[in-house]
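Here come two complexes built around chain A, the first alongside chain B, the second alongside chain C.
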Partner chain A sequence: MLEIKGLGKRYYGKLGGVEALKNVDLTLGQGEIVGLFGENGAGKTTLLKSILGFQSYEGKVLLDGERINHRSIGRLSFATCEHSFFPNLTPISHREFYRLQFGTFREKRFEALMDFFELPMREALRGYSTGQKNQFEVILALCQGADYILMDEPFAGNDIFNREDFYKMLLGILEPQETIILSTHLIEEVEKFVGRAVLLHKGRVVGDVSTLELEEQGRTLMGYIKETCGYRPDRVSRALENLSDL
Partner chain B sequence: MIEINGKSLCGGGRSKQKVRTGGKQAGLWKPETCFPPGYDYESERNYAVLLLGLGIGLSLQFFISLHRSAEVLYEYRDREWVLREGAVAASFGKLVTGHWGLYVPLFLFLAAMMAYHYIYYYHETRSIYLMRRLPGRWTVLKSCVAGPLLGMGLAAMILTSLYLMYYGMYLLVIPGECRP
Partner chain C sequence: MRREDGKKDDLERQDGEKAVRPALALWALLARSSIYKILAVLAVTAAAEIMLFRGCIKAEGDSFTEYRTLAAVVADSHISLFFLAALGLVYFILVWTEGRLTSKSSGTMLRLKLSGGMIFGIKAAYNLACLVLLFAVQIWICIWLIGTYGRAAEGYDSPLSLFLAFYRVDFLHCLLPMAEAGKWVRNVLLLSAFAVEAAAGRAEKSEYVLSILLYTLTTVLFVSSLGGNAADWLSMILYLFRIAVNIWHVYMAEREKVQDCDRNQWEKPLRRRAQ
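And now, the complex of A and B:
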């Protein structure tokens, strides 16, 4: 179980401090597929990076009751739109690297996914297209053998068919102990894929709901998010009206 | 130490850059294990060798200093070269004074490379995110400093051998009674 207790993060700049996360409490059980939603700057990436220990924070992040350290960090993997692979290396070299670094590396899954997405094994990753790079980034995260797979906008730049394939593939290959935490803006697309939606707004968790619950209430995820985050649908029409008055 | 097993593979398709692999293969130590994965360590090695070579090349002026130092010990008397009475040669230390400055660029370069190796993890991608998730606590640090430290160690060994040889030459050329 991954527990986030009272997580806070403040960035300091020339204009003073900005609170990116405020007292975030979350518990993520094994086997969940959690969507992390929120507007730009809501704190999604900051939350993921804090969980991974890439930056300092206030509060606690506990993995099975203990703080994450170098012995347990391998139980977390990360796919980011910034990419975390080595651009000069080939997938073959990455496979060898992961195999040596992570005893839990899922080689068969790696081969199968590489094959499914028809990614060249012997080409340096800097030669891949953006879509292929995203695919490879996610493949690495899925094959590390981690229990908690954190994804930050992993499909930015991929076409719709490709994304659809990925969701289906993910649902097919995930094992019961594998947890996905997916930060994305593609709300409608992942609605059928995620089992739980966590909403961040201005650094706070403002919503945490299961998609089944929403379905039973006859609500859509998009509707729930708009409602919870206080989206004003008339904002555009009013702005356009004001503009036409000028 | 980063250990990547792999064969040398040629970059194909759109990538014209070298494809880097490397690491430990069947127990054979490979230099790339001391550098960040995929890093072009050969260029760095070449620059280091060049700086070391330049330093050593310039240090050859020791022989000129040694020759001058030996020359003043003798005088030409009765058709032969004889030692001047009470003549004292410059010490070995004095002859090589200033030589250390010749190797400062090499050591500065290697020290700068340690920082560059860390910056490398932010180049093109954020591979630092992967490195920081590795179970080895010191993996990132090792990948940044191991290569340059190895280079410094090797350079120190080569320079020690070279200056031992220079000292041997000094002992050979300067008579015992003329040494300070």
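And now, the complex of A and C:
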């Protein structure tokens, strides 16, 4: 179980500090597929990076009751649109590196996914297209053998067919103990894929609901998010009216 | 009882192997990222030095039987300049490799199953191995060149001549200081300082300036006369200072790591130099 207790993060700039996360409390059980939603700057990436220990923060992140350290960090994997692979290495070299680094590397899954997305095994990743790089980034995260797979906008730059293939593939290959935490703006697309939606707004958790619950209430995820974040549908028309007055 | 002990030993060995694998993976990653570039630098340096040295053996305008002194040939062929340039290139390849791994692949480098101190240690050890390789290749080239000189100039082709060459020529002596312990210490500190400096990573521009300064001072102070002198002492102090500062930074970064401290972290994030 991944527990986040009172997580806070403040960024410092020339104009002073900005609170990116405020007192975030979350518990993520094994086998869940959690969607992390929120507008730009809501704190999604900051939350993921704090869980991984990439930056300092206030509060606690506990994995099965213990703080995450270099011994347990292998239980978390990360796929990001900023990419974290080694651009000069080939997928084969990555496989070797991951196999030695994280003894739990899933070779069969790696080869199956590489085949499915028809990615060249012997080409350095710097030669891949943006879409292929995204695919490889996600493949690595899925094949590390981690219990908690964190994804930050992993499909940015991929076409709709590619993304749909990925969702189907993911649902097919995930094992019961594997947890996915997916941060994305593609709300309608992942609605059927995620089992739980966590909504961040201005650094706070403002919503945490299961998609089954929403379905029972006859609400859509998009509707729920708009409602919770206080989205005003007349915002655009008012702005346009103001502009036309000028 | 014996069987239980055997099982315990097996488990301990397996744990040991598991701990070694991530370190090996990191070493292999560093090698894949830089070793070919370093070997290319060594090959080009060797070729250039051999060509220039052979061209300088015979005195200009003199008959075929007259040869210049070894010290003059070494000076005129600018071997020391090529060596120092190669040192600079190897050093900057190592710095560049470290920088690329930390900036382009930080998402992976920050998730390794190794502590920050261990990562730093492995990087420093790899860098040290590369720099030792450079020194070793340069020494072998010099021995071979002296042999070439000896075969061309009669009376210089003996083990004693080779031995004396490393005392008579300042650059050769600085490279392989023979019985002079002070210069051995200086060279060991030089290698360690460069290895640690490249492994520590650079969080700010000022640190790039310090790296360049370290290299520049080394090029100025490396070739010094026989016996302990101010240049050697100055170099040693400089190297010790940089080693201490870099290790201190890594130690502090380790101490401040997120997972290991419970205290309030509402402060400017510390640079994570260790990774």
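Going forward, the second predicted complex is superposed on the first by the 246 of 246 C-alpha atoms of A that agree within 3 Å, B and C clash if a C-alpha of one lies under 4 Å from a C-alpha of the other, contacts with A are read in each partner's own complex, and residues count from 1 in each chain.
One rule holds for everything that comes next: a residue touches a chain if its C-beta (ideal position, glycine included) is under 8 Å from a C-beta of that chain, and two chains touch if they have at least 3 such contacts.
Everything numeric in this text was worked out from a predicted model, so none of it was measured.
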Checklist line | chain C versus chain B on the shared chain A, clash or fit after superposition | finding: clash
Notebook entry, point to check: Should A:I68 be classified as contacting the first partner (chain B), the second (chain C), both, or neither?
Noted result: second
Note to self: On the A-aligned overlay, A:H185 touches which partner chain: chain B = first, chain C = second, or both, or neither?
What the structure shows: neither
Margin query: Tell me the contact category for A:K202 with respect to chain B and chain C: first, second, both or neither.
Written below: neither
Check: Should A:S93 be classified as contacting the first partner (chain B), the second (chain C), both, or neither?
Finding: both
Check: A:P120 contacts which: chain B (first), chain C (second), both, neither?
Finding: first
Margin query: With both complexes overlaid on chain A, does A:Q55 touch chain B (first), chain C (second), both or neither?
Written below: second
Next item on the list: With the two complexes superposed on chain A, say which partner A:E82 touches: chain B (first), chain C (second), both, or neither.
Entry: both
Checklist line | Interface residues of chain A shared between complexes with chain B and chain C | finding: 52-54, 70-71, 73-74, 76-78, 80, 82-89, 93, 96-97, 99-102
Checklist line | chain C residues within the chain A interface of the complex | finding: 18, 21-22, 24-26, 28-29, 32-33, 100-101, 104-108, 110-116, 118, 256-260, 262, 264-270
Notebook entry, point to check: chain A touches which residues of chain B in the complex?
Noted result: 2-7, 9-15, 17-23, 36-40, 123-130, 132-137, 139
Checklist line | Complex interface listing, chain A residues touching chain C | finding: 8, 10, 12, 50, 52-58, 60-61, 67-71, 73-74, 76-78, 80, 82-89, 93, 96-97, 99-103
Check: Tell me, which parts of chain A touch chain B in their complex?
Finding: 52-54, 70-71, 73-74, 76-78, 80, 82-90, 92-93, 96-97, 99-102, 120, 122-124, 126-127, 140
